[in-house]
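Structures are listed in the sections that come next.
Heads up, the next two complexes both have chain A, just with different partners, chain B and then chain C.
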Partner chain A sequence: MEADASLLISAVVSGLLLGGFYAAVSVGVAISFGMLDIVNIAHPAFILLGSYVAFIGNTVFGIDPILSVMITLPAFYLLGMLAYQVYYVAFERRDDQSLRGLSFFFGLLFIAEVGLILVFGVDYRSVQAWYVSGNLNLGVVELPWRLLVPFLLGLAMVGALQIFLARTFIGRAIQAVAQDQQALRLMAADPTKIKRIAFGLSFATAALGGAAMIIIQPIEPSIGREYIGRIFAICVLGGLGSFPGMVIAALTLGVVENITATFFGPSWAPAVSFGVLLITLAVRPSGILGR
Partner chain B sequence: MASLVAKQEEEREGSRGLGNIAFIAVLAVAAAVIFGITRWVGQSYAFFAAYVVVQYIVLGTAWNILGGYTGYVNFGITAFFAIGAYSTVVMYKLTPWMPLPVMVLVGGVLAALVGLGTGYLTLRLRGVFFSIATLALAVVVQTLFTNWDFVGGARGAYVLRPRLAPLIGGEYIQYLFLVMLGLCVIVLATARAIERSALGYGFAAIRDDEAAAEASGVPTLRLKLIATALSGAFMGMAGAPLPYYVAYLDPASGFSLNYAVNAIAMPLIGGTANWVGPVVGAILVGGLQQYISVTISSAVNVLITGLLLVAFVILAPQGIVGLFKRRQP
Partner chain C sequence: MASSLTLSNIVAGYGAVRVLDDVSLSVGAGETVALLGTNGNGKSTLMKSIMGMVRPAAGTITATIDGTSHELVGRSTEEIVDLGVGFVPEGRRLFPKLTVTENLLLGAFRPTARSAIAKNLDFCFETFPRLKERSNQLAGSMSGGEQQMLALARALMSAPRILLIDEPSVGLAPLLVQRTIDKIKELKDGFNLTVLMAEQNFTQAVRIADRGYVIVHGKIAFTGESAEALNNNDLIREFYLGA
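Then we have the complex of A and B:
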């Protein structure tokens, strides 16, 4: 019985840490899907692109994985702006987001994935850094650094973005763009430009999330697919457009998945996010903190 | 007024075409000719290659019944396809005497039920929620089969392909090809019949403006459920013969990405407006893939299909069929 209890505690604690990482990979979709209403299902592919940037920076140049992604953030930002521009011209302006817009991102997902396979192969890759191994000993529980660092990175990203969205003109415009584009135009802000900036930000967060991912686990190109259901489950459960809700949902999913993995075996964990998603859609589609 | 005229024109055009039964007869003759040619070629490779292309016609048309006609995007193709395939594995183990067409039917019914369930929970919301749910469905169904030891779990299951084909003689792959051709005739006839029926007009109303359709009394939820169930059933049927085709089914092959990418890419490349598009897309892209697999490598297949998909949705939203229509106003 005692063993079960300590097993449960460690499952909950590492689940919370995992949840912080989930917040890091989900925050980009919370922007693009929650605020811009663009269903970018290719998001995980760009997370992986970030992971491989961290991998190259780490193995070729010997830089810290998070730092090497930080250096390339402007490139990801521009890539995101470009992706939105294509999406806008080809789909949003034609009012054809649902069928062809979705399929566009679906195609991007596979192009990115196969591209990564052709360049890096299907071997698992990992990075070297002081926090990849070792624990922070707190007496009661031991916190592995490789979970703690992504957790802190995730919370820092969400916090910084929350301040940016609440305090700056562009941030408030991003929050407004899904609600009333006409009113935004009257405030002398171009909705398309605002969305371009927001989508660039979304890609930049994907890259940082990728650095967090390769710290937590070795990666290979097709691993991103597992994250599609997870990320969207988190965003829907949290309530679209709400960062605090998204963080709560991410932590919840992390804990539930970890408990499932501990007591039923890790091969069942991927089914959790689907269950959560389906129950949320059936019972409360507006999510925990949705408007 | 203009829309009324267009509608009348459309109806006149419709009545000019073949009736449903005549259309089935034409398809059946075409299928018989194709089968005859493949048999005349006489190599089993011809059957294996042709089977794949016809399977993609079935998958693409099935996807298009929901995606093209109602505008709801199903990303969970592999879930439905694999339900069909694994139901055959179960029946192969429990009731091996059962004829293949019955297995195909059972696989279709199971896939339809899963489609109904998912649809019932998510189709009342905006379309994107359905799409996201189907994406997640593919992952969870794969998890279920990977953990189910009876059907081989992660290791996979061997299915012994009988040496000889029943009824027609020759290699068993000929029989598999024949079953798939028959399925193809049924799917195409169904798709075309839907287009010309009240059901098809209801689907089109949902695609063009769901709120307006709902307001004018179209039972949108029921129609969407019918489309999801039909589409899922045909995907499951397309997957049912797969265990015999590959002779060894594991989650990696049953849930292969190729099915998902192709079933979406082929209708969008060919054109989603009617039944012709998926056929054109499947024959062109499927044929190209067979060629690439032989000459270059099969890993490049997904890349090229993905690039074609993105290029077509951006540059030619009406697909290949649409390109030809524009030339003759």
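Then we have the complex of A and C:
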């Protein structure tokens, strides 16, 4: 019984840490899908791109993976603005976004994935840094640095974005843009520009999410697929448009997955996670904190 | 400084359908002008033409803001709002999933309005105490009357010099219509605005209007140079009021 209790505590603690990382990879979709109504299914592929950029920076130039985010963040922001511009000109402007827009992002997903395979191959890659191994010993529990660092980075990023969205004019406009574009024009804001900024931010989060991912685990190009379902589940579970809800959902999923994996085996984890999603939506159709 | 609006020979419509046919009207500095007419005569199209939401096929729209003239035809809606022309659209067009305060703060997106944001927010809450009580409530969950108040207040947050209001009385109970019209007068005086108001409710609109135009089938059928002229005109009684 003693062993079970300590196993449970460590499953919960590392589940929470994992949840912080889930929040880091989900926040981009919480913006694009939750606030802009754009189903960017290719987001995990760009998270992986972020991982590989951190990998190159680390192995070729010897840069710390977290430090390399400082450089990749603005680059990903610009890439996101470009992706939105293409999407806007090709689909949204013609009112064609729902189905063809989705296939656009599906295409983007495959191109990104195949591109990564061609360049990096299918072998697992990892980075070197002091926090990739080792634990922070707190007496009661030991926190592995490789989980703790992404957890802290993830929550810091979500917190910063939450402040930006709630306190700035651009941020509030991002929250409003999907609700009524024409009305946003009447506030003297250009909806296309607002969406471009928001989509840039969504991509920029993939730079940090990617660095966090390669710190947590070795990566290969198709690993992103595991995250597509999980990320969208977290956003829906938390309630679209709500960051606090998304974080609660990410932490919940992290803990539930970890407990299930610890006591019943990893193959049960996705089933239990999606079970939690279905039950929550049955009780609260708009998600945990959805408006 | 004076702000006014002049429309000359505006022709506008949707596709092959011509809604406005050679419409000219003006709103002088500090005036409240009523645009009267029943449904389907082109009031909303006229408002949308001014706001750049419908592009006129011919004619000019000139807004003079604090002494500087701007041609509005060809400009985008956001540019026109940024010049200082506020618009309260028909159906309010609030952001339903944002709170009252968030809606109001978005109203002040216009850079010129940002410096006065605290003062204007206080003024809005003072004028509409109900909005202050409900400041953290989602806009979509409020009653029609409260939503109309919020739509008015949100437009004022952009610190406009000219305010266009499209059908403020639609969907409101008679008592609320009267109260809304009174508030428009109060806001107009408080902000020293130039107001163009489209309205079906003739008696209510004429109460606060300095002048008025009656629009019938896309043409200006009658120009009333004073509220009395509107009230006492036989043509209006016959065609518009049906009495």
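The working rule: the second predicted complex is superposed on the first by the 276 of 291 C-alpha atoms of A that agree within 3 Å, B and C clash if a C-alpha of one lies under 4 Å from a C-alpha of the other, contacts with A are read in each partner's own complex, and residues count from 1 in each chain.
As a convention for this text, contacts are C-beta pairs under 8 Å (C-beta built on N, C-alpha and C of every residue); 3 or more make two chains touch, one makes a residue touch a chain.
Since the model is a prediction, treat every value here as computed from it, not as a measurement.
Shared-chain residue A:Leu108: touches chain B; no touch with chain C. Using the contact criterion defined above for the overlaid structures, shared-chain residue A:Ala156 touches neither chain B nor chain C, since it reaches no partner.
Between chain B and chain C, more residues of chain A are touched by B. When the two complexes are overlaid on their common chain A, residue A:Leu99 makes contact with chain B while staying clear of chain C. When the shared chain is aligned, chain C comes close enough to touch A:Gln179, but chain B does not.
Of the two partner chains placed around the shared chain by superposition, chain C is the only one that A:Gly241 touches, whereas chain B remains out of contact. Chain A meets chain C in the complex at residues 169, 172-173, 175-176, 179-180, 182-190, 241, 291. Across the complex, chain B meets chain A through its residues 67-68, 71, 73, 75, 118, 121-122, 125, 127-129, 131-133, 135-137, 139-140, 142-144, 146-147, 154, 257, 261, 264-265, 268, 272, 299-300, 302-303, 305-307, 309-310, 313-314, 317. On the chain C side of its complex with chain A, the touching residues are 51, 53, 76-78, 81-82, 86-87, 89, 93-98, 102, 105-110, 114, 138, 154-155, 158.
Within the complex formed with chain B, the residues of chain A that make contact are 39, 41, 86, 90-91, 94, 96, 98-100, 102-104, 106-111, 113-115, 117-118, 222, 225-226, 228-229, 232-233, 236, 265, 267-268, 270-271, 273-275, 277-278, 281-282, 285.
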